[in-house]
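Read through the structures below before going on.
Presented sequentially are two complexes of chain A, the first with chain B as partner and the second with chain C.
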Partner chain A sequence: MAQPQAAAPRLAPEVAARLADHLLAAADDELVLGHRHAEWTGFGPDIESDIALSSVAQEEIGHARLLYQMVLGLQGRSEEEVDRLAFGRPPQAFRNAVLLERPNDGGLEPPPEGEPAWRGEWGFTIVRMVLYDRADAIRLETWASGGHAPLAALARTLAREERYHRLFAETWLERLAAGGPAAAARLQRVLDAVWGEALGLFEATDGEAVLVAHGLLPRSSAEQAERWRDEVAALLGGMGLRPGRGPAATGGRAGRHTPDLAVLLEEMTSVWRLDPEARW
Partner chain B sequence: MVSGGHRLPLTGPVDATPVDAPVDARPVDAPSGEAEVWRVLEQIEDPELPLAITDLGLVREVRRDGGRVTVRLVPTYSACPAIEVIRRTVRERVAALPGVEEVAVDLTFDEPWTLARLSARGREQLRRYGLSVPRRTFREPATCPFCGSTDVVLETPFGPTLCRAIAYCRACRNPVERFKPPAD
Partner chain C sequence: MKLAAIVPEAERVYAVFRQETKSEAHVHVGDVHAPDPQMALVLAKEQFARRDPCVSLWVVPYTAIEASGPEDAEMFQPATDKSYRFGGSYREQQRVYGRRRGA
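The block that comes next holds the complex of A and B.
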């Protein structure tokens, strides 16, 4: 017979509030990138990748949902409010890292005259996915070894699922990088262009030190970033690529976003806004 | 031939420990009220796979206190869209039992779902359905459900549902669906 569920430890109100802020940022990361991945549905370079990005999107959005529910629990609100939390906020209330709101073409080159505004750039998508999924894995490992049992259990579950995302993205990056000098140069341009915003994934939410001090976050965001730099440098080096340079471009965790997020939210929330009280 | 291009060999170690005893099943000594609930759960099929949720090992625990029933489920994948359908079905079917007034169906992540939770019958049902099912972990060599060869490579870790991947049998040149437990 299974053991009864461990009672959720009671957190001091200040700690619970900080943890909610921290998890909200992670949930927003997952939701926003999940939406970007979902935009590949029907447009992938081959059917396997189309299905993969659709599946990864489904999982990231599902993970966001579980994290939003945990945020609501920490804030003493009902889990029923999950759609309102996900879809009912203005851009400045989102805490995702800016990298993840960028459109799938990376915004690196403007579309040619007469072309539709959205064009998927597979190289950008794969580079972003590799960089994010490595960061996410480190974040999940940190939670899993932290002192908040419900979060640690959830993190262990999510980490097992995310490994397949990494397998897919890193296999693809290797394949693209082996595609000759032009392909490698193109990937390197993407890496150099996104590097600052990739470091922005490790921008701490307000009051993170409280979580570190209470053992909920055994590794600070800055320490996670160090680990990520080492891992990513080794990974890229093995493929003949190198990390970018320069300081972190931050702001997302404080609600300062690019106009890309407003465009994304406009589309993502359009069905929910038709009738926010609708029950499914 | 498809052009997925991953073609990763499935070469992890095989864990030979017995896999024929599900971790949680209806306890032989369950009080009659709880056994009644288990019997209802044994009739509920997974919406995406042809087997009962109890054979898949989704039911962690059943508790009954008079008219109040609590069922705790452990999803294979946390984002599985079938899990909400299953929750609703469990709630409706258990609520229809005589004497039941209140049903709570919760998800638990305390102990993750693993292949050890799949019953021998469930494993056989998945195999007959055409899925290659690893004994313990995804990276083990796969056996082709059509020709029995183990010369099977992974095409892509994603398939028609979150719990399936697409492999390719180099012996009989058929695509093979492989059941994909979360990675360990």
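The block that comes next holds the complex of A and C.
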């Protein structure tokens, strides 16, 4: 898909640098969650959902690529460096929200009847996906109505695929929540456990106020979080679930991660590290 | 006959129909397993619209399909030559059916 080349307004260096930081965080979100989703390939609860989530994973990684390219452009670097930017950084240089690096088991014990092939908690994956994709939709809308034409155009393009991600996740959550008291209780436990880290999705990157002041971000992260809380509360309420409580668990946007990210990166970058100069 | 009579777990199987362009008919392209029609539609999108063009999808529960049985196949065989009824010699028919047959 060719990106519309709207007359790119030249940004002041300070603004361009802040925007690059902001977009790097979003790109890292998409890459890291895309990798977690991809870990379900071959292990989904049914073949149809396995294929669908694998497809979503590819799309998230594709979105990360487009965002990394925009970051490189804002930093005056070549788009050729995109693999190095994605795979060549240590964990502390990643700016994704911590929620997204968590393994797919969600830190939960296998169910009592735990089959040997238990590869994770599908309910955790779906809850995380619902919470993230609602946040992502609000972020894309904010970019789309912002004053940087190339970013607004990209946001409208990405939103087309994100709409399906939301539909998939919310359709699944609704059915899991209707699966009886034990299923609902397990989902509620996940929601309560991840709530603080979900709010961490709205941790602002350094200097976000500059982007708000220049009209690139018509809504600050804090304002986006308010809207997200309302939307998510209504969505969960309709399924007999409730939002969690407590303050945001932040740090990811400042490069403070859990050991889970190092493990993820070790695996995700293993092929690239064999020969970083190789052309694929 | 009810198609559900010969399809295992028919109450969980949905036939998927894909429309490639707005001017073409929805064509049966395969099936998905799903607990309900909404989920069937969500799953059908990635199974059947990710590698081919699509402007619209339908899902239909197998339990809703009334079908001719194998023993009815003879019924479709004419007793005398009916080739004069075939539309193949008309240019417009060739355009419509040829494309549908992948010609």
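Throughout what follows, the second predicted complex is superposed on the first by the 265 of 280 C-alpha atoms of A that agree within 3 Å, B and C clash if a C-alpha of one lies under 4 Å from a C-alpha of the other, contacts with A are read in each partner's own complex, and residues count from 1 in each chain.
In this section, a contact is a pair of C-beta atoms (placed from the backbone, for glycine too) under 8 Å apart; a residue touches a chain by one contact, two chains touch by 3 or more.
Here the structure is a predicted model, which is why all the values come from computation and not from measurement.
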item: Superposed partners chain B and chain C on chain A - clash or fit; value: clash
item: Which of chain B and chain C A:Ile51 touches, first, second, both or neither; value: both
item: Dominant contact partner of chain A by residue count, chain C or chain B; value: B
item: Which superposed partner A:Arg273 touches (first chain B, second chain C, both, neither); value: neither
item: First (chain B), second (chain C), both or neither touched by A:Thr171; value: both
item: Touching partner for A:Arg256 - first (chain B), second (chain C), both, neither; value: neither
item: Touching partner for A:Arg242 - first (chain B), second (chain C), both, neither; value: neither
item: Partner chain(s) touched by A:Ile61 [first = chain B, second = chain C, both, neither]; value: first
item: Where chain A meets both chain C and chain B, residue numbers; value: 46-49, 51-52, 55-56, 164, 167-168, 171, 175
item: Of all residues in chain A, those that touch chain B in their complex; value: 1-6, 46-49, 51-52, 54-56, 58-63, 65-66, 150, 153-154, 156-158, 160-161, 163-164, 167-168, 171, 175
item: Residues on chain A engaged by chain C in the complex (per definition of touch); value: 46-49, 51-52, 55-56, 164, 167-168, 171-172, 175
item: Chain C - residues contacting chain A, complex; value: 32-36, 38-39, 42-43, 45-47, 50
item: Parts of chain B lying in touch with chain A, wherever the complex brings them together; value: 2-6, 8, 24, 27, 60-61, 72, 77-81, 106, 108-112, 155-160, 162, 165-166, 180, 182-184
